[in-house]
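I've put the structures underneath this note.
What follows is chain A paired twice: with chain B in the first complex and chain C in the second.
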Partner chain A sequence: MAENFLGNYKSCVSARATDKEILKGAQDGGIVTQLFAYALETGIIDGAIVAGPSDEPWKPRPMVAMTKDDLLKSRGTRYNLCPSVSFIKEATRSYGLDKVGIVGVPCQVQAVRKGQLYPAGLRDVPDAIALVVGIFCMENFTYQSIQQLVEDHAGVKLESVKKMEIGKGKFTVKTERGAEIALPLKVTHKYNQPGDHVCLDYVAEWADVSTGSVGSPDGWSTVFVRTKKGEDVWAKAMAAGCFETKPIEQVKPGLELVTKLATEKITKNRKTLEERASFGVGKGLRNPYL
Partner chain B sequence: MGLLSRIFGKDVSREQQPSAGVVKTTEVTKKEDKPVADKITAGHVHMSGCTGCLVAVADNYGGLLTLLDKYVDYVYDLTLADVRHIPKMDVALVEGSVCINDKLSVEEIKQTREKSAIVVAVGGCACYGNITRFARGGQQNQPKHEAFLPIGDLINVDVYIPGCAPTPQLIRNVCVMAYLLLKGTKEQKELAGAYLKPLMNLAKRGTTACFCDLMTDVINQGLCIGCGTCAAACPVRAITHEYGRPQGQRDLCVKCGACYTQCPRSFLNMDVIKNFESIQELIKGAL
Partner chain C sequence: MSKVVEISPTTRHEGHSKLVLKVDDAGIVERGDWLSITPVRGVEKLAIGKTMEQVPKIASRVCGICPIAHTLAGIEAMEASIKCWYPDDARRLRVILQCANRAHSIALHNILILPDFYIPGTDTKINPFTPQEPVRSVAKRIQRIREISQTIGQIAGGEAIHPSNPRVGGMYRNVSDHAKLKMYDLAKEGLTLAHEQMDFMIAVIRNMQKRDWTEVGGKQIPIPKTLGYHDQGYMATDPVYGTTSHSENPTWSYERFKETRPWDWYMGEAEVNLADPSYPIGGTSPVGTKVNPQMEACTGIPLYDGQPVEVGPRARLVTFKNFDEKGTFGQHIARQLEYTDSFYAMLSAIDDLNPHGKVLADHIPQGDGSMGWAANEAPRGTDVHLAKVKDGRVQWYSMLVPTTWNFATCSRALTGAPWQIAEMVVRAYDPCVSCATHMIVIDEEKRIVAQKLIQ
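Take a look at the complex of A and B:
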């Protein structure tokens, strides 16, 4: 049997939000914003840690969203680092949350789950985590890297950018005035943050619900429902009419592409780990998985 | 003779005594030697610490009572058990570092090792020295008590629970796992062994901790992913992020080890953590 690179999941669909306001500024199907908006509204969570805006263009800053308006400010993908987990204890303290939602890339979901089982510095956090949403991630960039890619390679000011996208082998920058610059993904590779090259998770395998554009048509997202908690929230949100869905088997390119990219990422990064083991002469680099 | 007796000219305490005495005797006669057959024995050994770790144990509230009810005979604890000398026990939870200028402390930590199957260093001081690293002596009434060492510098330690204060939840998880390791089924023993392994590895790793661990063993090793976990874990808010990487105000760092322990790139034992759902259910079910 082939190795499972998509993690355990109870169901998988292609979906998009039904709320037009959410879809308007969404990266793809508006899944995260819609799901958190529903969870906030129904008291499943009383706040969500998301990537909000900051003083600098396209630089995210962790934010505790307590209302739908807060969530709307955090729509869309920024393709650079947001240390969201840094708010996870603060959310239960100064923000006074008992039921915390958090969205993050796979390594951040891993950090949250590790924190629930081994909470060395996360007092009272483990039982306060109410909903963990994961987003697919091949690699990420520091702010300085994204600045260089957009301003030096694509040649446009960060302030003028309307949307950034990664897909179909390209890193695409769309400006407010309608210009569209597509860089081959190969150009971006040397800007990947090094720590990503040992990551063994593409689809946020430990999230309650994980989502990403890959596998679904434009404007839709692929959604994995993974845990009992995820299943419960997703079922309620579906019943409330939050999402329209299509069976993943009926959309193109479908799970085949997700599996292909997950396999590529994990295989490549396993190789990196092997190379790190004999990096020097009789000396290797540290392996966090051992 | 108490105040009431002096006011009313009669011995009130004696009048109340009989009924209190009756209750006491029934309690004594009801008490069994070992109410639950396969409990483990544990104790809290208090070295030089602020008692914050003991408070963290107590902060499990009802969970602590269930632990004591079903799984653990608490045989030694300054505040909870009337026992003077360190007894034989399965699990010793040690709080605080050892003042090597104090003979009794040195003697007690040695006895703890000799008499316990598993020694757990609870909290930053026992693991890494923590705030006691900054001790310079001069405190009345023992001004010459100035040299403090983490317990691992004097004895072999089996499991580390870093943090200042350590969290009630990690102490709880380790206690449940220690119980399963000693008394569980074959599968439970395997799970408990795998769960405790990274905390045992921390004990082997050494007796110093600092924000610098993030620099030397995570950032410098090309492993940091800027997730932000370390900043959340830091009890003194010494960690911010610069260029997407943790930046520590090293003068604030108390050397508790929480940031490095919490980092997903210090250890990430996927075989255990991938079962996060069932393990959390197991622990909740146990309490």
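Take a look at the complex of A and C:
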């Protein structure tokens, strides 16, 4: 039997939000924003830790969103690190949340789950985590890397960028004035932050619901519903008409591409881990999975 | 001919302490010594050379029951030394934190003292852990009050135990609008429960006061009407919060304070010649045990106006609210009265709090080495921290904690009580012993550290 690189899941669909306002600023199908907006509205969560705006262009800053307006400010992907997990305790403290939603890339989802299992320094936090949404992640960048890629390689000022996308083998930068610069993904590789090379999770296997653009047509997102809790929230959101969906089998490129990329990432990184084990003199570099 | 009996350790309070009692033939205490035997923590020495930000956090670690009082007293001692004002909203958050700590501590103390008391109208002592009514619903109410207080403390202070939010110059962050509402709703619920719990406790305490005897170790022990009376005077600085040397109107005075040594206060070497194996939890120390309170005690004896004083709920109520009941039962009643007071004060602070207000001072001076002190009204009494800060570093630090004040006073209050219920007198002070231990320095210049104790 082939190895499972997509984690356990209960169902998988291609979906997009029905709310036009959310879709307008969304990276793809607006899944995370719509799901959190619904969960906030119905009291499934009373706040969500998301990547909000900061003083610098395209630099995300963790923010506790407590209204739909807050969520709208955080729409779209900014391809650099956002230390959202650092807010998880504060959300239950000075923000006074009882039911916290959090969105993150696979490594952040792992951290949240680990924190729930071993809540050292996280008194009263594990039970307060109500919904964990994961996003697919092949690699991520530091803010300095994104600055260099956009300002030096693509040659545009970060302030004038309207959207950034990674897909179809390209890193694409679209500006306010309509220019579109596509860099081959190969250029970006040396800017990846180092943790990307040892991560063995592409599709946020530990989230309640995980989502990403890969596998679905433009403007749509692939959604894995993974846990009982995720299934419950997703079913309610569907019943409330939050999303339109297509069966994943009927869309192109479909799960085949997701599986291919997941396999690529995990196989490549396993190799890196093996190399690291014998790197250096006398002792290897640490394998975070051991 | 008086006999010596030793109860070691004393139980149902925080920390490690013991009682050495000289009793007459009828078993009435002629002279009582209650002393701390918790090993010295050394926080005051650890503090030297650390930054003024670190020290209050270290001081907080001296104990887990009132870490909030130690944090706030520590921080305000720093602020008094560097002469820093902090914004009003930070003050409100601190008051909320203070009241949350007090409410949870009273609730915890209820659990500790209830086994001394009877269910009114019966000869059955209260076991707070029994599943039977009416005790079970009281226990649940106590736990809910604690839960509410801890949650409010967690929101205002970042953490219910060892709060992370307070800092020199104010607080690290204000709370959200949502959090303010949550605290308010919780405090409202807490207030109702506190009223119910106060009424219950007062009924139980009054019932005990009317009784002629209590059962200890299978014997009926008479309860004197003057149980726990003393003439040592009271000291309190504020009904709720506290005062500092930087306040406009400081209500404590360093000049009136003096510290004496345990060997000037406690009795000397003696041998136990009265023992009772039926005394609860393993009996008293066996006959022949050598005791030496002068050398075993590890606290200084703080004096205010030349004598030990009582601090705590009754001291606050006597000073600020004309409370006039003396003795052990008066002390218990005073503590229950503070239940609702703490929730009212908390609600008013939450009401006044502006979640968008500034909570950190614009300018935080780094200090010129002058001495500053802060007195915080901790649940069990006045907690005074003294500090000298220069260029952001602590040069000298001293903690005069509540139970240190009470040790000597309570020792005097034991006189006249049957020895079997001496522990009841001790528990009425809600002792919190671990923070009360000190490195005793005899000569600062020659660096002589209590050599008498080491001999």
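The definition used in the following text is that the second predicted complex is superposed on the first by the 289 of 290 C-alpha atoms of A that agree within 3 Å, B and C clash if a C-alpha of one lies under 4 Å from a C-alpha of the other, contacts with A are read in each partner's own complex, and residues count from 1 in each chain.
The working rule: a residue touches a chain if its C-beta (ideal position, glycine included) is under 8 Å from a C-beta of that chain, and two chains touch if they have at least 3 such contacts.
None of these values were measured; they are calculated from a predicted model.
Touch criterion met: A:123 reaches chain B and chain C at once.
By the touch criterion stated above, A:177 is placed in contact with neither chain B nor chain C. In the superposition on chain A, contact of A:81 is made with chain B only, not with chain C. Contacts of A:66 after superposition: chain C is touched, whereas chain B is not reached. Once the two structures are superposed, chain B and chain C can be ranked by residues of chain A touched, with B on top.
When both complexes are overlaid on chain A, the residue A:20 reaches neither chain B nor chain C. By the document's definition of touching, neither partner reaches A:190: not chain B, not chain C. When both complexes are overlaid on chain A, the residue A:94 reaches chain C alone and has no touch with chain B. In the superposition on chain A, contact of A:46 is made with chain C only, not with chain B. Comparing the two interfaces of chain A, the one with chain B and the one with chain C have residues 90, 123-124 in common.
Touching chain A in their complex are the following residues of chain B: 56, 161-163, 165-170, 173, 195, 198-199, 217, 221-235, 239, 241, 243-244, 256-259, 261-270, 272-274, 276-277, 279-280. Interface residues of chain A, counted against chain C in their complex, comprise 46-47, 64, 66, 90, 92-98, 123-124.
By the touch criterion stated above, chain A contacts chain B in their complex at residues 62, 80-90, 104, 107-108, 110-111, 113-127, 140, 142-144, 193-200, 205-206, 227-228, 285-286, 288-289. The touching residues of chain C, when paired with chain A in their complex, are 154-156, 158-161, 165, 173-176, 178-183.
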